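Take a look at the structures listed below.
Shared between the two complexes below is subunit A, which has subunit B as its partner in the first and subunit C in the second.
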Partner chain A sequence: MTDAAEPMAAEPVAAGRIRAAGGTRLGLLAPAGLAVALVALPLLALLLRADWGHVLDHLADPAVLPAIRLSLLTTTTTVVLAVVLGTPLAWLLARAQGRAAAWFRALLTVPLVLPPVVGGVALLMAWGRRGVVGGPLYEAFGVRVPFTPVAVVLAELFVAMPFYVIAVEGAMRSVDPRFEHVAATLGASPWRSFSRVALPLAVPGMAAGAALAWARALGEFGATITFAGNFAGRTQTAPLAVYVALERDPQAAVSLSLAMLVVSIVVLALLRGRWVR
Partner chain B sequence: MTRLRARAASRLRGGVVATLLLATAVTGGCTTESRLTAGGAPQRTSTVTVLAAASLTDPLTSLARQYERAHDGVTVALSFGSSTTLAQQVAEGAPADVVAFAGTPALDQLPKDATDQGGRATIARNTMEIATPPDNPGGVRSLADLARPDLDVVLCASTVPCGKAADMVLSRAGITPHVVSREVDVKATLAKVRLGEADAAVVYHSDVVSAGDTVKGVVIPTAQNTTLDYPLVWLNTKPDTTGFAELVRGTEGRAALTRAGFLAP
Partner chain C sequence: MSLDTRLCVERSTFTLDTSLAAASGEVVAVLGPNGAGKTTALHALAGLAPLSGGHVRVAGRLWEGEGTHLPPQARSTGLVAAEHLLFPHLSARDNVAFGPRSRGTSRAAARRRADDELDRLGIGDLADRRPSALSHGQAQRVALARALATDPELLLLDEPLSALDPVSRPAVRATLAHRLRAFTGVTVLVTHDPLDALTLADRLVFVEGGRVVQEGTPQEVVARPRDRYVADVVGLNLYAGEATDGEVVQTPAGPVVTAGHEHRGPSWAAFSPAAVALYLSRPEGSPRNTWPVTVAAVELAGQTARVRCTGDLDVTAEVTATSVASLRLQPGLQAWATVKASEVRAYPA
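This part shows the complex of A and B:
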């Protein structure tokens, strides 16, 4: 199936054009090197300042394992929901034309630029015990959303879903509509041409989108602490545990940060081999 | 063609996001250092950086504005957070002229030589109190009510002074409340009650006072309660550092702190 995309691959760019004049290259190297340093230095510092002899002791702290478990559980749930709900949305947006689609796209971009704490306040206004949706929910069924793992997932979905949808929409747009037309002329229903033609072609984009969404969900802090609160084992995700540990024992926070770094790198490495280039 | 356009569009979108991020970073990082008087001549400008416990937000903000009004060209830059975080920030080298903590344990986290250049004084005391939403939906009347499993109770994190004090009060009374969240500082804890998301929180008496009628206070009897001293530390002897410290320690400072619900030291 993926072979079908081959004829559409971009022409290889002439190698000579990339090799710009030496001076230009030097002018680019300095800012590029600085960019690398700005990203790499803090990560390196984390490794240098870690108390390697006690990392395992720190990770054995009763608050750490539940935090990592909760983070993995909620981020996985978030990604699954983002894929299930976000893929159809991305498809509709990719094939939609006109005003409404543009507005929906703009709406989805808002959580990308919104400070996460503001997102947390917005989530409270919607799902809180006195919220627009949460209020009636609490009145009718006694269901309280904040301070539960469900709230953590809602917060993560709010910030991560847009990443997924926008990445997948881009991938789906690049699927040539002629493939669907051909499928249709061969008698495939719209659903069948979506599920058998368009969807498989978009899988690499979906994997990249899922990885982005997962990473964003894993790092979620502001919306979670504002909306879901901070309680060990229930709503205290790994980033929240790092923040709280920093006040009690900074070295423990460094150890926990290392664990998160390792988990992130492992997941990205696994994805890279398979789908993400 | 559609493919190319889609790519360009997604690139553009990325660019817009990056630009927005950069713009926030740049504007957020700027502070006005030089001010001009009406005549156009530059005058003495100076900034006093004050790091203070979240519970001091209201009185110190009004005292800072008062100091700025009385001293043209002087800016009092305030930052509020949990005392634990602030002490750590100072220890890590965060610029600060004056710090004020809830409780004395945070003093131990300051560098040993922190007060060598300046000095310290106790500016206020505080006790703990139960805060509920104004309509008190949980019907909280005493500390013992917090043990009810149907109540959602919010406390400060056990690492920050208000959380430690709340834990002490509760454990001395032999009460295990149904805690749904442990917030990073006292204002965040109170916010959950003000929003009606929690039925009760154990916070400082001063926070109940400054929250006005957005929360209802339920007094904890002295026998079960605890008292925290609020130390003020000035880290140098620059004129505006000691000037602001004196304002906080003086009669006007005392009045502002009392109005905000603090007890005299």
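This part shows the complex of A and C:
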């Protein structure tokens, strides 16, 4: 200790520098700590205020259970559709060169940054009774899309599909194209080299993309309430039920929030080592 | 001829224009410095890179040219690169069976074929392993088995041994040589390792800047290189000049006295580095080929050393390690290089 203290006393300039370093550290620690608190505190509060004895009763409540059921049904449908439609798109984008691919990629990024409520309005303009597609659909077949469970899926797909496509495109882009060259010289058609070589190699990326898309679909609120409405048992998903329950029975809202927090953490755990380091 | 091709490919830095021909069962080695267009040539043969001109005809069938372009999967080729490129999600057996399966063989027959092919290369016991559980040498053998399992008419080997460590390389080279002897198709081997070319190939083709600079059997090329790069590869000193009489080749840097020759006119003069002697002062009663040089580099390999010297005539000498020590050979040293006339061969250019 004295060894370290002596040079400091002998060289006040150095001592000043060390104190300045300590000041810098404090200057960084304070905002960093505040940032952590701003994120962690609400989560902690949720845990503290939860009525742990009645969580399951709340989730089984006739006003809550249908919302959970609808959310599970619509998000699963959304993920299946995202995988079925998004995987070929991701593959084409991953192997495409040139302008068009760049534009499609940019287009897909829009829902990621768009306020969800704007997405809901856009969906209404497309699928509503007077919508670009919804209008003719109603006139020809009498089919109404908005304010139905189908609308819930369309809203979730709108926000979740880009997550899936962009995640999977990244995974597919990292598949060495020389594997496909070798497959071609071995006689594999482009389809066979996609399905037997590229696709299996991209499976971990697809799983991560699907989990990400599912989490995004589960949390969807703005586009859903705008485009599908908030009809209990029909278009009221779990996030909407939380919002409604907050006025009627705050404890039920907390319990439902808790359930969704747990689900989110499970998804995060699935993505660990891939997106979260 | 079973392989008959002229490959023209435009690249940003050069234009490849190379003709290759080979009979069934022959191994043609394509040698050249990095960036000479060797890999481009292989990709063009496989159909992975389009030709801007020329043609590819294999076993009498037109693969490319005259408006035809067969896609890679419609050509009968097998490709092995420096990295094994085994499909990481498949076992060794399924990797090898992939080709036969892609060409319509039943699952059981494809697996039998895979096991046979792995057995022939001495790695039948590794059939169930994933590529990640194989050593480099083993994986490269599996890659070879995979390329051969479709009985290709054209086997394309792109530096197949260059990524292997010095311990496994000779073993895989021996496996490759043994298997190629039984192979009935044409093999095109791209390499920059002269040992691969000399031990595996029936014919050597040297490519530089996209063009063939020399071709012939290994014996011909080793005995009579006709290009500085070729001479470097086979380790000879080579000079271009004019044979003015029966014992001298006049080079731009002065006369080189030879062991005697019949021809006149454009000529090569060549001698082995082992024939060169180095002295610190001009030797007394000196041989007729004596040149002042500056040592540029010394590379020790076991008991001998290669000494690259620059001067009016650039000379590579091979001397004993003892000489390196007694003469204290090091870059920058002024010395005299001598070669006996009887060691110098001349042949028409």
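Convention: the second predicted complex is superposed on the first by the 223 of 277 C-alpha atoms of A that agree within 3 Å, B and C clash if a C-alpha of one lies under 4 Å from a C-alpha of the other, contacts with A are read in each partner's own complex, and residues count from 1 in each chain.
Throughout what follows, contacts are C-beta pairs under 8 Å (C-beta built on N, C-alpha and C of every residue); 3 or more make two chains touch, one makes a residue touch a chain.
Remember, it's a predicted structure, so these values are computed and weren't measured experimentally.
**Student:** Based on the shared subunit A superposition, would you classify subunit B and subunit C as clashing or fitting together?
**Tutor:** fit
**Student:** Using the touch criterion from the header, give the chain among subunit B and subunit C with more contacted residues in subunit A.
**Tutor:** Of the two chains, more subunit A residues are contacted by B.
**Student:** Of the two partner chains, subunit B (first) and subunit C (second), which one does A:Ser189 touch, if any: first, second, both, or neither?
**Tutor:** Second partner only.
**Student:** Based on the superposed arrangement, let me know which partner A:His181 touches: subunit B (first), subunit C (second), both, or neither?
**Tutor:** Only subunit C is touched by A:His181; subunit B is not.
**Student:** Let me test your reading of the model: by the given contact rule, A:Thr235 touches which partner, first (subunit B), second (subunit C), both or neither?
**Tutor:** First partner only, subunit B.
**Student:** Looking at A:Leu56, would you say it contacts subunit B, subunit C, both, or neither? Reply first, second, both or neither.
**Tutor:** Neither partner.
**Student:** When the two structures are overlaid on chain A, which partner does A:Ala140 contact: first (subunit B), second (subunit C), both, or neither?
**Tutor:** In the superposition, A:Ala140 contacts neither subunit B nor subunit C.
**Student:** Taking the superposition on A as described, I'd like to know which of subunit B and subunit C A:Arg248 touches: first, second, both or neither.
**Tutor:** Once the two structures are laid over each other on A, A:Arg248 reaches subunit B alone.
**Student:** Which partner does A:Leu38 contact after superposing on A: first (subunit B), second (subunit C), both, neither?
**Tutor:** A:Leu38 sits against neither subunit B nor subunit C.
**Student:** Enter the shortest inter-chain Cα distance between subunit B and subunit C once the structures share a common frame, rounded to whole Å.
**Tutor:** 15
**Student:** Could you pull out which residues of subunit A sit against subunit B in one structure and against subunit C in the other?
**Tutor:** 176
**Student:** For subunit B, which residues are in contact with subunit A within the complex?
**Tutor:** 2-3, 6-7, 10, 13, 17, 20-21, 82, 84-85, 88, 152, 154, 157, 159-160, 179-184, 188, 192, 195-198
**Student:** Inside the complex, what are the residues of subunit A that reach subunit B?
**Tutor:** Per the touch definition, subunit A meets subunit B at residues 8, 109, 112-113, 124, 128-130, 144, 146-147, 166, 170, 173-174, 176-177, 225, 228-232, 234-235, 243-244, 246-248, 250.
**Student:** For subunit C, which residues are in contact with subunit A within the complex?
**Tutor:** 43, 46-48, 71-73, 75, 77-79, 81, 83, 85, 87-89, 98-99, 102-103, 146-147, 150, 156
**Student:** Residues of subunit A touching subunit C in their complex?
**Tutor:** Per the stated touch rule, the residues are 176, 178-179, 181-190, 192, 196-197, 200-201.
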